[in-house]
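My questions all concern the structure below.
Naming follows writing order (A, B, C, D and E), and every chain is counted from residue 1.
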Amino acid sequence: MAGDAAVPFVEIEALRSREFIPAAKEALSSMIAEQGQSKLIRPVFNWAGRNSLFPLHWGLACCAIEFAAAFGARWDAERFGVVPRSSPRQCDLMIVNGTVTWKVAHKLITLYEQMPEPKWVIAMGNCATGGGPFRTAYSVVPGVDKLVPVDVYIAGCPPRPEAMLDGILRLEDLIRLRKE
Amino acid sequence: MSEMWINMGPQHPMTHGLWNLRVRIDGELILDVDPEMGYLHRGIEKISEDRHYNEVVTLMDRTCYVAGMAWEHLYILGAEKALHITPPERAEYIRTMSEEFQRIASHIMWYAAFVQDLGLMSPFLYGMRDRDLLLDLFQSYTGARMTYEYMRVGGVRNDLPHGFSDRARKVLDWLMERFKEYDQLCMGSDIFRRRCDGLGVLSAQDCIDFGVTGPMLRSAGVARDLRKDRPYSVYGRVDFDVARATTADVTGRYLVRMEEMRQSVRILRQVLDWLDRNPGPVMAENLPRWLGAPYAPIGREGYLLKREYPKGVGFAAIEEPHGEAAVYVVNEGGEHPYRVKFRSPVYVNLSAARKYLVGYHVADIPPIMGSVDVCVGESDR
Amino acid sequence: MTAAPASSVQWPELLGNSLIALEPLEGTSGRLRFRAADAERVFRAVHDAGFHHLTLVGGIDWVDHREVIYTLWSDERKSYLFLSTDLPADHPSIATATKVWPSANWHEREAWEMVDIHFDGHPDLRHLLMPDGYEFHPLLRSFKLHEPEDLEVKVRHV
Amino acid sequence: MTVSLYSVAHDLVALVLTAIGSVLPAPLSRWITNAGLITALGVIVFAAILLIASMLNTIVLIWFERKLLGRFMDRRGAMHVGFAGLLQNFADGLKLMRKNTFRPEEADGLGFYLGPTAYMVTSLILFGILPVSTGWNSGVLPLSLLLALVVFSFAPLFIFISAWSSNNKYSLMGGMRSAAQMIAYEVPLLLSVVAVVVVSGSFDLNTIVAQQQNYWYWGPLFLALIVFVAAMLAEMERIPFDLPEAEAELVEGWNTEYGGMLFAFFMLSDYVRALVGSFLVVLLFLGGWTMPGWVPSAATSFPLAGIVWFMVKVYIVFAVFVWIRAALPRVRTDQLLRVGWNRMIPLALLSVVLAAGVVMVKCLPVFGCLPNLGI
Amino acid sequence: MTEEVLTPETSGNDNPVLWVARPMATAARQFLKSLIRPSTIVYPFERLEDPKFREEVQVAAGKPIGVGAVWDNYRGVHALNIATCISCNLCSFSCPDLCIEMVAVPGGNPKHPKKCPQIDYGKCSYCGFCSDACPEGCLSMTTRYELSVTKRSEMVYSPQKLFEVFERKLPMNPIRLERPANEDAILLDAPLCIGCNACARDCPTQCITMMDIPKPEAPAGAKLPRRIWKEPVVNDSDCVRCGTCISVCPKECLFWGTRT
């Protein structure tokens, strides 16, 4: 983001371990446990959190067009308080809308780490879910869940904008159920 | 501020996709740029070598996700030449129609993204709204909004549904009104004109040297349009003009694209009339048996043994919404293409970025890159 | 439009013994096979014959040798012309076309990256589509794709 | 001055404290009904009421913009959280409160936190200065207009501090642009205000509004109004002058590195400033809380009628800002500065001259011929 | 070739009226139009594929904007009619993304369980090749498009789950493609056949009948091969060209070819 010097370097190895993902999940849940201990306050914050999901404004591939269409006049995702922000610092939802290649994997993890907690990830479309039609290719990450913890998967190639909204509503349900 | 490099991308609102523009700036002045590609390189050329001829079509929609039909058309033209197959006439007309619809949809998508770069918010939504109408039309005869999988070697999958042309004409009438509105929002606005005039100039000679094609080239005064110069499908039989401007700047590209949309409407009206009058088959009769779409169990073991395959090389080039796209299909006798090589117009247009960016301001990068109409899926393949 | 077909150019006279063969190719005005050693001269001659626009440069791996194709377009003739030449499979190299057609820059970078063809004299021959340091050349026939059955990924912070 | 918000707060506190004091033993009761304490508590209650009212107003303003912008764009805007999406902004604010706020490692700690906070505070102070209706604020400040403009122009400093200290190239560029833009537009802003001052002969906003009882200033001072609105758009950093946070080239401008509550501060202060800008337009040119004479007196004499009419005007002015945002692209930095220095300042000077002329030839009555239309 | 050159003047919007009046007027016009009814479809409550919207949605202001009646052949989640599925494997073979796997469904003969397609929606690209290939029309694509799950494994739809989709009676893709006239047929390399009946047993459409063939005279000095004196005969009009017979043939005596 901030020029060449400020990008933390993340190394990815195709090895037989998945240490990172449980660790991140754990961090997430402990973070949530810390905040809003009070029974009175917690539902309020939970309500706020699920009704105001700011996705990261970035387009990876085909699904990005449907992602944009969902913000268009016909579906208008802003009805649900979903407003894309360009800076990861202000986001709480990363919608991985397209094929993730090994070249962009570092950047994706960096962006994920730049988002403040609590944060969620939606894998939109088949490429993000499992590599889709390109999963055999030499340059494609077969599923973004290999890199960051994914909360909701949306099937479709690409998913219709309605399906994307459905995924966001599913995530809202998830947030409500997980913490109350 | 002294000189510094900034990275615009891969996550940056300007990029409209995954690529990185490294810019060396002094204050607000651009001194040097270096586009970094490959963030969306999905190895489509390699995967195509492992797929049957018809199955490659599913990749083509995803290659250029704003102009899927055009790329399907391109690939099918190349594959048909490599396999020595001639499609029926009605299929050619339907393909032409699809490509022109796609051209309008792609240009509207460009418009939406471009004006958003300039800070204009409502035209983005108008554009997306009007594009949805075209996607509805696509959906009504292909069954999907963006990834159509509609064309096949030897024809198209199915015929148009009942009442399609009436709906299409209604949409075209609506769009012609909307184009006026688009013009009022952009050309009618003094701020817009001052923002775009004389920006990102790329002269005709530079365009030719750097292989730049499409609306960028035509805005520089060169009326090269493969639909006219080297008519494929049925473009030789329809009447249209090549849009051309001479300013070679962002305004010129805007005007060219707007005029192209109007010309596409003109083509579409003729093609729809023809389609109404001439029913017929949409799939070639004499397909090679082993191609046998859609029933042949191609994956089945042993099915492809003991076959005679024709050999051949197919080259096709079309005027895609972004520019000149070409494909080179090598058929070495087999169920899979031996090699598929694509030429993406966006890829080449981006490679000349240094020519049209250096010397302008940082604030000019979004409109200039917006006027190039970047589709990274196509350029990285 | 009375454009002369490209085949009307007297290629044998123009190229001399750099020309190996002129084959017909459907939809274009032919495919010129030339000797790789004389590449620069051929490029210059073809450019001067009116083919100012380079459409694509591509490499094909025919296991025993590699082939480079150049597709050119002439605005005057309204037609495409193919150039192709064969290179040996080990250390294939050919002179760059960027001096004649600047647009060949990225095409040649891609061809080097994907099919491992070295372009002598190229100003900037480095990775374009793959990350820096990628060791393979994916579009070689020897490079096989496979299903990513259960790829395990470890992310380590350094 | 009859009843003012401060006097209400003061009386309320006095009432409560006297009541408490009456049941307490003597030394305590004397201490608790002490006049100084009552004044201090009165000020605090007054400030709290003012803060809550202004924040609620700001949040409603954001909702108003979102809905209005939605209609301009042929869509609906926030609608599922609360009735018609009224609670959407509360949800946004609460969520941002819960979010982690962290500072980039290389960022300067003091500036990083000081910038947004000071930006917020200086923006909110303005509500204590601007009168919304007769007796809304603490009392008569003879130079309230000047004070308001001075506080209003603190912002570029804090924006620049926070942009510089977040150690991000985009932030830095956004901050530089912001500083340059605000300084460039400060001058025409003040000059166009001078035109108003020349005509009204006072720096006191109450007086300026009272002077507009019969004729609003936007008729005679139309040029000043245009210059003022344009400069105010630049000061508020709204389209077409929103270069500092130009989304397309500088990711989010000077608040790129801010998340969580600090980002909420920025977001809120932006709208506070938008609200203040609309306040100023209404106060200086559209007659404040006064209404033209042809409006039936029943519509202007109910309790709090002044505030209601004032807010109606404010929202109409803000709707025009939203309309501009929906229809226009943003301009470029150099164009903006050129327009600022080369066009706006001469126009503003001209408007001052015109205002002086209006006073000199005493042609106010000419415009005053149509006083009852409020022109 | 056009001689006309586009300039800002040709677009008819050249001289900007009062700087910005024209775009602002356009925006205001849109505002007034959408005051009554913006073109937004309130998604979870209104759905585009509702029959109501099929007629109502049209190209006009004051109504949600759309073309209407476009859902006839939408390619969404599959519906599988297990009852009519003949386990021919054609869907799985025609899938370009290799997302269909044939799995056994409960019931029937435990030795030869019936196999039906199981679809992994994390890989499926909704190309419709499978439903085009299905000879019985039992695997078809519906208008259901929402499929969001919280676990990757929930995206794998077993035949039963696909049958549940079928039972919801969603509108289905009605387009059935014509079979090509010159399809290949199953041919027999007669000398290799041992008459084992495997092909006829496993044929999903029962189009193979084992016909008796005359037992030839043994040549002098040689023994006749040990075999059952029957030969498969394929009924081409019933055959769906799935190739199951070829894959089960122990002697590899069946092959694809042109019947003369």
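Note that a residue touches a chain if its C-beta (ideal position, glycine included) is under 8 Å from a C-beta of that chain, and two chains touch if they have at least 3 such contacts.
Quick caveat: nothing in here was measured; it's all calculated off a predicted structure.
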Work out which chains are contact partners of both chain B and chain C.
A
Required steps from chain A to chain B (each step between touching chains, minimum)
1
Which of B-D and B-E has more C-beta pairs touching across its chains
B-E
Averaging C-alpha coordinates per chain, one finds the centres of chain C and chain E separated by a number of Å equal to 39
So, in whole Å, the Cα centroid of chain A is separated from that of chain D by 37
Gap in Å, rounded to a whole number, between the CA centres of chain E and chain D:
61
Check each residue of chain C and list the ones that touch at least two other chains.
129-131, 138, 143, 145, 147
Per-residue overlap in chain D, given as positions that touch at least 2 other chains:
70, 72-76, 79, 169-170, 247, 251, 326-328
Touching at least two other chains at once: which residues of chain B meet that condition?
4, 6, 12-13, 38, 41, 43, 46-47, 50, 58, 62, 122, 125-126, 129, 132, 147, 185, 189, 191-192
I'd like to see which chains touch which, written out pair by pair.
A-B, A-C, A-D, A-E, B-C, B-D, B-E, D-E
In the complex, chain E touches chain A at residues 38-44, 47-48, 64-66, 77, 96-97, 120-126, 145-152, 154-155
Applying the document's contact rule, which stretches of chain B touch chain C when the two form their complex?
37-38, 41, 43, 45-47, 50, 81, 208-213, 222, 224, 229-230, 313-317, 324, 326, 328, 330, 338-339, 341-343, 347-348, 351-352, 380
Given the complex, residues on chain A that touch chain D span 1-3, 6, 31, 35-36, 44-45, 47-49, 51-52, 72-74, 76, 78-81, 85-87, 89-90, 92, 115-118
Residue ranges of chain A touching chain E (in the complex, touch as defined)
73-76, 79, 126, 129-133, 135, 143, 145, 150-157, 159-160, 162-163, 165-167, 169-170, 174
Touching residues on chain D, where the partner in the complex is chain B
69, 72-75, 169-170, 172-173, 176, 239-240, 242-243, 246-251, 325-335
